[in-house]
Structures are given as structure tokens and as C-alpha cells.
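You will see subunit A twice below: alongside subunit B first, and alongside subunit C after that.
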Partner chain A sequence: MRIIETGIPEATDYFGILWTMAGIRDCIIVEHGAPGTVTYTQMSFNSMNRRSMFHKIFTCAVNEDDVVMGSDARLKESIKWVDSTYHPSVIAVVATSITAVIGLDIDGIVRSLQPEVSARLIPFSSGGFNGTYFLGIAESSKAVIREFIKPGSYTPTKKKVNILGPTCEQFNTISDLAEIRRLLSLLGISIGTIFPDGCTTDEIKNIPDASLNLVIRDIMIPVGEEIEELSGQKYMYGLPIGLTGTKKWIARVSELLGILYPEEIINDEISRFGFSLTSLFLKIQPYDHLSVILACPYEYAYGLSEMIIKDWGMQVSAVFLPEEPQISEHENYKILFSDLGIHDLYCNPDDDLFESIVNGKKPQILFANSYYLKMAKSVQIKIPAAHPTPDYITMYDGTPFVGFRGYAYLTQMITNMCNAHPEVFIK
Partner chain B sequence: MTATFSELQKFVTLDQLVSEKKTPDIVAPVFPGLGCGFFAVSFIAPLIEKSAAIMIAPAICAHNARVFMSRFEQSSFMLKNNLVFFLYEDDDIIHGAEETIKNAIVDFYHKQKPEVIFVVTSCLPEIVGEDIEAVVRQVRDVVKIPVLFIRTENFTNISSKQGMERALEALIELMDYPVQKIPHSVNIIGASAFRSFNTELFTVISKTGYSIHSVIPSHTDLNTLQKAPEASCNIILDRGALPLAEKMKEKYQMDYFLFDRPFSPESILHLYRNLGMFLSVDIESIITPEYNSLLQLTSVLKQGLAGKKAIISIGQGRTFDLAFLLHSFGIKIAAIAIDEIFEQDYADAKKFHSDGGKSDIIRNASCYPLEEYLVRIKPDYYITFSGYEENMCKENHIGYRNIHSIAFLNGFDFAIHILLEIFGDYVQTIPNFDISAMKMRVNA
Partner chain C sequence: MRRIALYGKGGIGKSTTTSNLSIVLAKKGYTVMQIGCDPKADSTRMLTGGERITPILKTLRQGKDGVTLDQLVTKGDYGIYCAECGGPTPGVGCAGRGIISAFERLDALNAFNELKPDFVLYDVLGDVVCGGFAMPLRKGYAEEVYIVTSGELMSLYAAENIALAVSQFSQKGYARLCGIIQNSRNVENEDKLISDLAAEIGVRVVTRIPRDKVVQECESARSTVASFFDDGAYVRAITVLADEIISKKENR
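Coming up: the complex of A and B.
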């Protein structure tokens, strides 16, 4: 039993499954559990850019008899009703903690019911006990991929890529995807499927038609591997963050797609968006002593660290990751951070550890989720940069953290925020 | 994905409701449901100052409850988070967690020193069979503050009402036998008592010469709750507070009056008259200006709304009385979605029915292909308490009216604000009718 006093209890794999499956447009979720779970899951879903689960999720509303007798009648009735009423391509049948405890065999029920319904049924029986939401996203994404991509050899379209990664809870996805799309269009590259948020099952089937999968978060690497195994399609992992990071990302994409590195375009982009802090701050506003702590998923944490150190010339005094990164076994993330001079690295810290590190390091700047930002009372500049941020909307697509425009946006933001807190300039 | 109307889940007609007392079934599947007790407690407990609520739940419920609370922290409610989560995990299921919970509560008490602790269980520890009530008894022997136990197993009751009832009922354990009774004083009790100091009922009571002794559960701390039985009587704002009112009546001989929320001028006047009789004061002369304001508004609304159609899905106040009122404007009430139904609702439904009302009655908690239904009915007004349907209504050019923000009001003020919220567009077209003046007058 863990005790959470001030922060937020972590979202479990149950949420990862819901957030993934709710993003697939022709999928409906039928949950086996008490009805209140869906009421409040909808509320917590709504806290993410005010999205709605209306007609996307239903509960079979177990009652006392179902709990005592382990009855599956309401679940079967609910699945059939959703199938015949809404005709979705997929129905995700999701267990809650109650299901797991009463021992209802969701997998078996789905197997026996599948011949009676038109939709593909995909069971998720963990009940939220298997791990964090990252695991739920990865596992449900793999399950969908296995369901809709057939093994075989495909003839991919040149200069066409898919993007694997975005789910509804991912911080700033709308703006980041807009910037990635813009960067790719500069290279003449089109996007096939963006998986899973906002795609259809037909678009999932079309994934092998592209030449490359751009995996934008570490938890989707197993999905990229799964697709490679099924269709032979390669993937590339990473996010373009900062000037240095974006140039590297474009170079890798170009190389993998056999495109000439667009030197002239990059130079033009840097001249438009590559503001330097030296030019934005006054001489009497020293900033090289400023210390930053990052508490974000791996892609943001690494990319922002590189940007802060190499492009901004500030220091990163600690990095908190929500869990151990799932990057390739050939890349040791600790070494990658160490190469940047970052040695204080914490995975899945508890709230007490987070508070004690922040209090000890006394950073001026913190990139984190809303709960960490609230806990860090002494930090002057607080920048929302990770899920969950129920008090922060990111619906507008013009505030990217990635790409050249993301660099410009963040550089402008940090300049303005430092100006609003001039005490940070005191060394 | 479009649902067909033929799949519309079970509904009954107003005729059947009135003549047979038949109510629509709750059928699976359900969306969005009526909440659950765990979350009701996570809203009520933070209202009590210097308290802490220890929520024993799996991570799913705990995460949702924390996000839920965050929304209220950011709202005009300005709730202060006092929730502490004991995450009930697979090891606890296998090995049991009573001892761990006991020690953790005691540790928490020594660390944070709250004045009151609520210990709240969700479905899972209840299914597993943890005897948390016994744990609480043991903890009480160790810590020197009141520790209240609230059980909220959602599988025995599909709504949040269970949690409201139990959370409020538990407060009686904090109350002392009164050393003295304060004449002409009342407690106002109910989850919707939040911001009661700014409501019509508060103003009216103050004008009668009665004082407000306490407002429960908001604006309270341990000291206020201990002294609550000193008041002469209780005024109850919502049915979730009735079990507490009954217990206070039994234990402290305190009579109570249910001040529910009707909409029509005559119903509200009748309610106030009854309140006047209950308090043995003349209220009618006090509320005449408010009554006249509502009459003025309804007379305006009767001029130009005939032939319009509405669906009512509010789950707040006396829904059938609202249907009756809107019907008196010439509006056809195509459907009414209900949460629970009480004797007063049957009486209101009968009045509406006798007035020529004809409606489908559906369940708020139940799932039905609402979009198909709305497209078929094409109501001019979809009056709701929730935000789920907003986009769908906009896409189908249906007048979406969400009354959530005014749900804490009461009396004529409640009815006037709701009517202005629903028909504000229309009222603005009436020459010489000053909406802002009416709102300001009511607010004053």
C-alpha cells in the first residue's frame, strides 16, 4: 500500500488502455465495473483539453449480485447492445479492479462472444493492476496493431511516414504534431497514419503503406518493433527538440528516407526561429547560472535538457522521469544524460523525494506536471510540460515545444518569464 | 457510428408514470452514470476545515478522485484538497491490509495533526472484506481526535447520493449534546449549501428574525459541528441530508424542514408559506417582491414561446415542476430524464399531466442513443446539468442550455436564473425588459 498525500496517484494501465482506445475513432469501450468509475473517468478525460468520452465508453454497471455471483450477463448484454446500436469496428472490453478481484474471465467471455457480434472484440483484463498508464498505452496499441496489420510484405510509398505515439493525455500533442507535420512538409514528406489518437481502423490497416514509422515516445518503441516484425517496416525513435536536436532529427529522417539533407531550408529556418538568449537578454541579465529541473517523460526530458544546455547555455540540475525509459538496449539513457553532464536522474520518484531534491537544488526553473509545479513552492519559473495538467489547456496548435518553432516559442517564453522574475538574474 | 432510434432504451410515458407509478428501468450499458459515493465524499470532506479524508481505494479511483478534486480547487468553489490516498494494491488484496491501514492512519495523524479524520472505503476493500470499521475503532483508541468511517460501495447503489447521505450522516458523531438551545436559530444542511450566505433563502431567513447558526457541511469546522445541535431546527436543502436530519431529530429533538427546489411561482410560494408555518413567522410579506419578479418574467415568457419543444435532463430540483412551468408557456416537453423519483415528483408529474403534459420519461443514468433521439425530436431547448451533450447539440442546431453554474441557488432566485439561462436569448428581444436589472435585483 502506497500513500499519496499531496501529489496525484499515478494513472494505471487501465487509463493507458482507455486513452489509447478512445482515440481510435471507430472504437467503443465497454467497461466491466461499477458505474461510478466511468462517470469519473469521463471527468478526468475531460480535464485533458476538455475532451469528451460521450458515446465512446459505456459501463455495464455491475451490481451486488454480479459481484457475489460473478455474473457476466450484463457484460455480454452491453457488448451486444453497443455492437448492434453503434456498429463500431472494434469494441475494447476493459476490466476494472472489481473484475480482477471477482475473477471474471474477460478473455474467455470475449472469445465466446466474438462469433455473435460484428465488431472485433479486444479484451483487456488487467483491471489496472499491471503497471502504469505507459504500459497500458503500449499493450493496447500492440493489441490493436496485431488485430489490424496482417503479416506480409508491402510496397511502401516513398517519402511517406506514419507517426506512432500520440494519445490524448500526452502533453502539448496538438501543437507538437502541427510542428512535426510542418517540418516534414519542408522535406516534401507526407504523413500517412497518426496512431493511435484520432485514427480509424482503416488507417491502421494502411500503416505498412508508408516508408517509415516515426516513433515519438519511448513507450511506442515496442509498437514500432511489432510493426517491423509484421511488415518489415522500419521505425525511427525521437522527437526534434531545440536547434541542435531538431537538426539531428531532420538529418536522421533524411538519411532513412534517402533524401538529401536540406541544408538551405534548415539555414532559413534557423535564421527565422533560432533566437539566441544572448540577443534577448541584456548584459545586466546574466542567465548562465540559471538552474533547471525537468520532470517529464523521457523524450521531453532528454530533448529539453539538450536544448537548455547546448542552445540556451543554462544548467540542468536534476531530471525526473515518470518511469524507466523503454529505449533501445543499445542506448543507455543514463549515459546519454551523463554525456550532457546530468547525473541526478530519478525514475518514478515518490513525492517526498521530489520535494527534497527540489528544495535541495533550489532551481529557478521547473518543467513538470501541474502537481509537481504546485508542490515546488520555492521555484520562481514554472512551466507545464507533462501530463497531468488538468489546469492547463493546450488546444491551440501554435505553442509547440518541438521543432524550430518550438525552440522559438520556448526561448521567447523563458525570456519573458525571467523578465517577470528579475530576482533569478542575481547570481 | 450512428445508433438507430429503434434501439432507444426503455422509456415510459408520462401517462404510465402517473397512472401506474411506472419508472423507466436502468439498463446496461450505462453512460455517464450518476457518479458514486466515493466521489461524493471526496467533494464533501474538503468542505470541513482542518479535516483530512483518508481514501482507501485502488489507483483507478484514487487518480480520478484527485483529478476531480483539482477541478474544484480551480473553480469558484476554491476547495482545499484534504484527500490522502491509501492505494489499495494487489498485495493488499492477497494479504489483507488492516494492520497497515491502522498504522498508516496513526502515522498520518501524528504527522499532519488534523482535527477530524474521515476514513473512506471504495468498492474494492469492501469486496475483499477488509474490516476497516474495526480498524477505525482501534485507531480511535490511539488518536485523540474524532475518526469517522464512511463506506462507499458503488455496486450496491449506482448514484453518488449514497456517499452524500453517509458522509453527512457521519457528521452526527461530531455533534455534542447542546448545553443550551439558541432560540430562533437554524442550521442549513445539504451538499448544495455551498455559498448559502449569498442565496435568497439565507436572506429571507435573516429577515424573519432567525439567525443562521451553521451551514453544513460547508463553512464548518469541528467546533461548528459540535455546536450544531444548539440551533432550534434544521433546514434541509437536498435529500442527501435527510438521513442526518432524521438522526438529529431523533437524538436532539430537532425538527427539520425540507426546502427543495421547485420552479413554478405557485410552488415556490407554497414552499415558503410552509417554511413560514414551520418557523412560525410571516414569510409571505418578505418574499412578495421575489414572487412578483418571477411572475413578471413568466408573463413575458408566456408571450412568445408557444410551439417550442424542450427536453429536460437536469436531475436537479423538482424536474416535473419545471416541466409544468415550461408547459404553461406553451412549450411541448418531449422528454424528461430523471435520476431518482420521490413522492413529491409523482405529485408534480400528476399536476403536469392534468395540465395536458405528454412526455417520454427516460433515465439519466441509462444509455440511449441520444443523438438519434435529439435529431428525431429536434427540440428547441435541451436543458441539462452536464456538459456531455454540448457538441452534439451544437452540431444538430439544438439549443443547449447547461444550468450547472446556478445549481447552488434556491427559491425564486433559482427559478429566475434558470429561466433567464434557458430563455435569455428570447427575453433580450422583449422591448423594455431589463434582464441585467432583474438579475441584479435578485442577486441583491
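Coming up: the complex of A and C.
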């Protein structure tokens, strides 16, 4: 049994559902649960870039009597009220743990109520007992896709892609998406829908209009697969990080879209943003001994590892992943890391393990969430790179981790931070 | 005040046995309160002329905060205080939480101090299926538990499970198991089967109640056997149980 004693309990699928559905602009969430649950949810949402769930989430505020008698009257009333007051396109009807314990039939309620409301009702009945928030994000995304994309054959627009992945708890998405948009525009590619965060249901319906889905996080791969099944549209998984990683990513996108690899443009980009650490540090500042630990979701962890090792020439001494990556079977993530020379890999570690590995490896640099960064007292250079980071804002769109500008930003940052801690240069 | 819970498989005769026990104790001059812990709310029916009293949870829903004790408790035959927890219709809600709510409200209204019963008898539905149905076993409620069983296999299994649940509670210093009540179904070898079970879980068979059609006859007259008759095999077996319970008090 794992006792959660720190300030960071792992978010359940219930949170994944809320984070996904709250990102859809014309969706409102009605929750069957106690008022306190909703308050906590709003606080957790607010901790991520100070986003607000105001007018996005409502609770039917069940009381003890509703629990004992299993009454659904209050829930039905709330759904109808939200429908007639705000006219959303979708209402996500979400169960909480109370709902799950008493076994209230959310699916049945939604089915019987649907004819009486104009919004599309989507039930989510797990209540947080099915798994982690990763599952919640994937499952709710799939449910929305199935609701709005009709199976069939489509004639997609050439040189147009969708992006599948961002939700509010993905770290640094504002900047990363801006850079991805910029990279794609260099290739003459436009973006159709960014799903799910910030999109509308009309944009979801338009997903089949693009030629390719760019899946930017592993948990959205099942969604890419789902869309492929419905509309025949292909997807590509990956995030462009570092010079090497970004070049590879651009090459794959070009190939899948039948575009010539834009050699000249890439060279121009590299001459602008590809400055090397050797040119930034002095001779008396050796940095090849610097070791880094990464604790972030798989895409960041792998991309940054490749950048740190191949582009920077530093070492990665351990990688912590919040969950076993959900990438396809033929791409074993352990082999991918081991090809980079990284063998210390931990999935879903507990805090004690994290602390003891950090204390043992003594890295100078740590990429992680706020809680891990605080825990690692001996590390000199700490870079927020994952949620939860309630004390760190990433609202400005000019601080990417991805693409050529992301490489430039991180390289500049690491130089300045090392200079601020000159003791790290001592071998 | 002594608080006693009767557990047992569904339909085994808990309510019949509890109601007759209440009558025998009342006839002996004790003040008795019987609390039905079952959403069906039919435990005390034979104490109130076959009339179903309004369950506590239903009264609470209607009256909200203004509810008084006399709205929750009804006086039945021989002055027995009758209360039914009640609960949701089958298939929805949480009956276990319902029992907890009902108990909490009785506490809030200081029921036991107001009514001053000598005996509180809890008639609890079926198995201990969740925390709510274990409520009578917790601190502040029943200290003594009896299991009603016949010699039928399913009933014996249920009895064993209940004994397990009770032993877990007694480790916390709560209710303890005091004995088995045999409510006969005329199964072959019934006495021995039940004695064996009692030995296994380390308690005595307190009484062996015969299967007797007088129960149905009195039921048709909307009454318990014990309020009609002072003697007969059925009433004698219940009296053995009552005397055993009373003597426990004197032993203390």
C-alpha cells in the first residue's frame, strides 16, 4: 500500500476528465458530487497558469439525503438549468467518488434526459476509481471524438494538420504550441484543430479536414488511433526537442505530407538559433561532467535527454516518468533511452525513491515539477518542466522548450544558470 | 441500558424473533426499544398491529431540521418503542449510509436518555454487507450480538461471515458475539449442525426455537405469538432467550 503523505497526491481519472472537458470552449461540466469536491477541483485548475473554471463547472451539490436515497432529481435539474441558462454545445456529466460508491446510474440518467435538453450530454461515470488522470484524459478525449466525428471517408486539405494533445496540465503548452505553429508555417503547413485544450466542438467536427494528426503526447496516441479508425486520417507521434530532435521531427512531418525536406530553411534556422554551449562557456568553464536528472512526462523526458546528451554534451544520470509511456509496442521506450546511454529509468516512483536517487547521483541540474524541485535540496540548478508547478507561470508564449527556439531558450537559460552557480564548473 | 443486535441471513426470522423477544421482555416489566435496521422498514410491523410506521429517513426528508423524537419513535404493543431506519428503494442510493444517518439523528435527539429503555434491540438486515450495516456493532451502539440461523447451509455460511465481522469489531473493543439463536427450519440434523457452528466460532446456542405454524397464525392476526400466548413451545423458546439475556446482566 502506498501512503500518500506529501502535498501531491496523484490525480485520478476524474481530474483527467475535468481537465480535458474544461478545455473545450463550448462545453460545460455538471458534476454529481459534494460542493467541496468542486471547490478543490477549481483550486487545482487555478494552480495551473491561474486558469479559471468560472462558469465552466457546476455541481448539483448532493446532500446526505441524495446519497442515501440515490435521488437523481437534483442532478437532472442542474443539467436542465445549465442547458437553458448557458446554451453550451456539450454538457459533460461527471461522476465523483460519491456517485461511484452509491452506484448512481449516470449513463442511464443522461440517456433518459437527452431528449429534454439541447446540449449534447456526455456521461462520465467512473468517479475517479478507474485509474490515473492519464486514463481520464485519454478516455474523455475518445468519448468526445466519438461523439463529434462521424465515421466515413473524407477528402482532407493538403498541408494542413491537427495537433492532438494539449490539456491544461501539460507543461508550457502556450509557448510550445506557438513554436510548433512557427515551425509548421516554415514548411507551409497550417494548423486546423488543436485538440482538446481551447478548441470548440465545431473544430472537433473539422478534424477530418486535415491530412495528418500530430500527436504530441503519448496518452493521446489512442485518440489518434480512434480518429484513424473513424476517418482514415493518419497520425504521427512525437515532439520536436533539441537541434537533433527538431530536425528529425521536421523530416518525418515533411515525409508524411509529401513535402520536400526544407534544407535551406533548416540551415538558416540553425544558424540563428543553434548556438553551441562551447561558444557560450569560457575555456575555464568545463561542462561535460555536468549531470542532469529529468522528472517529466515521456515526451519531454526523452526529447530533453537527447538534447542534453547530443546537443549539449552533458550527462543524464536518471529519468523519472510519471507513468509507463503508452507508446506503440514496436517502440520500446527502454531501448530508446538505453540507446542514449540512459539505464536509470523509473516509472511512477514514490517520493522516497526519488529523494534517495537524487541524493545518490548528486546531479547539478534537475528538470522537474515544483514538489520534486523543492525536495531536491542539494541540486544547484532547478528548472520547472512539469506540472504541478503552482508557483511557476508559463503564460507568455516566448519560452518554448520545443523547436529551434526552444533549443535556443534552454541553451541560453542553462548558460546563465550555470554562471550564477559557478561551483558547478568544478569537476 | 443493554443494547443487543440480532443479525442473520435475509428471511431467516430475525424480525419475528426480535419482536417476540421484545414482547417477552416487556411483559416481564422492562422498557424495550426495537430498532429495525433495514430499508424494508418492516421489523416492528407485528408490534404495531400490522401497521407500518414511518421510517426515520422518510420523516427526516419531510421534516428537515424540525423533527422531534416522538415523530421518529412509535409506541407499540406493551409500550415497546418502535423505530425503523428505512432507506432507499432497492437498486438505488446507499442503504448503509441511511442507517448511519438514522442512528446519528437518534443520537442527536438524545433518544436513549429521553426514553430510558432497559433494552434496545437492533434487528439488522442480512449480512454485514458494508460499513453502514456494521453501524450497530460500533462503539456506543450494541454491545452484544446474537446471530439468528437455521440449519440450512446458506444460513450457516451467513452466520459464519457475521461472526467474522463481529470478531473484527470486538478487537476494537466494540460489540462481542454472545450466542447463536436457532430458528429451526426442520432441516435434517439441524441441532447438531448449528451446535457445530457455534463450537467453531466459540459461542453457545442460546435457544432452539421450533418451527411453529402459530407464528403464521398470529401474523395473520397482525400480532406476535408472545403477545397472544404466555406459554407454548414457541414462547418458551423465546423466554429461554430472554432469561439468558437478563441473566447476563445480573452476572455483570
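In this text, the second predicted complex is superposed on the first by the 425 of 427 C-alpha atoms of A that agree within 3 Å, B and C clash if a C-alpha of one lies under 4 Å from a C-alpha of the other, contacts with A are read in each partner's own complex, and residues count from 1 in each chain.
Assume a residue touches a chain if its C-beta (ideal position, glycine included) is under 8 Å from a C-beta of that chain, and two chains touch if they have at least 3 such contacts.
Because the structure is a prediction, the values reported are computed rather than measured.
In the superposition on chain A, contact is made by A:Ile102 with both subunit B and subunit C.
In the superposed model, A:Val67 makes contact with both subunit B and subunit C. Using the contact criterion defined above for the overlaid structures, shared-chain residue A:Val94 touches neither subunit B nor subunit C, since it reaches no partner. In the overlay built on the shared chain, the residue A:Ala143 is in contact with neither subunit B nor subunit C. By the document's definition of touching, of the two partners only subunit B reaches A:Thr59; subunit C does not. Once chain A of one complex is fitted onto chain A of the other, the partner contacts of A:Ser84 are limited to subunit B, with no touch recorded for subunit C. When both complexes are overlaid on chain A, the residue A:Tyr40 reaches subunit B alone and has no touch with subunit C.
Residue overlap on subunit A between the subunit B contacts of one complex and the subunit C contacts of the other covers 64, 67, 101-102.
Interface residues of subunit B facing subunit A in the complex, by the touch rule stated above, are 1-4, 7, 26, 28-39, 58-68, 70-71, 74, 81, 84-93, 97, 100-101, 104, 108, 112, 123-124, 127-128, 154-156, 158, 160, 365, 367, 369, 371, 387-389, 391-392. Those residues of subunit A that touch subunit C in the complex are listed here as 64-65, 67-71, 101-105.
In the complex of the two chains, the subunit C residues touching subunit A come out as 57, 60-61, 87-89, 91-95, 97-98, 101. Partner subunit B is touched in their complex by these residues of subunit A: 1-6, 8-12, 14-15, 26, 28, 30, 34-44, 46-47, 52-55, 57-64, 66-67, 74, 77-78, 81-82, 84-88, 96-98, 101-102, 128-129, 370, 388, 390-391.
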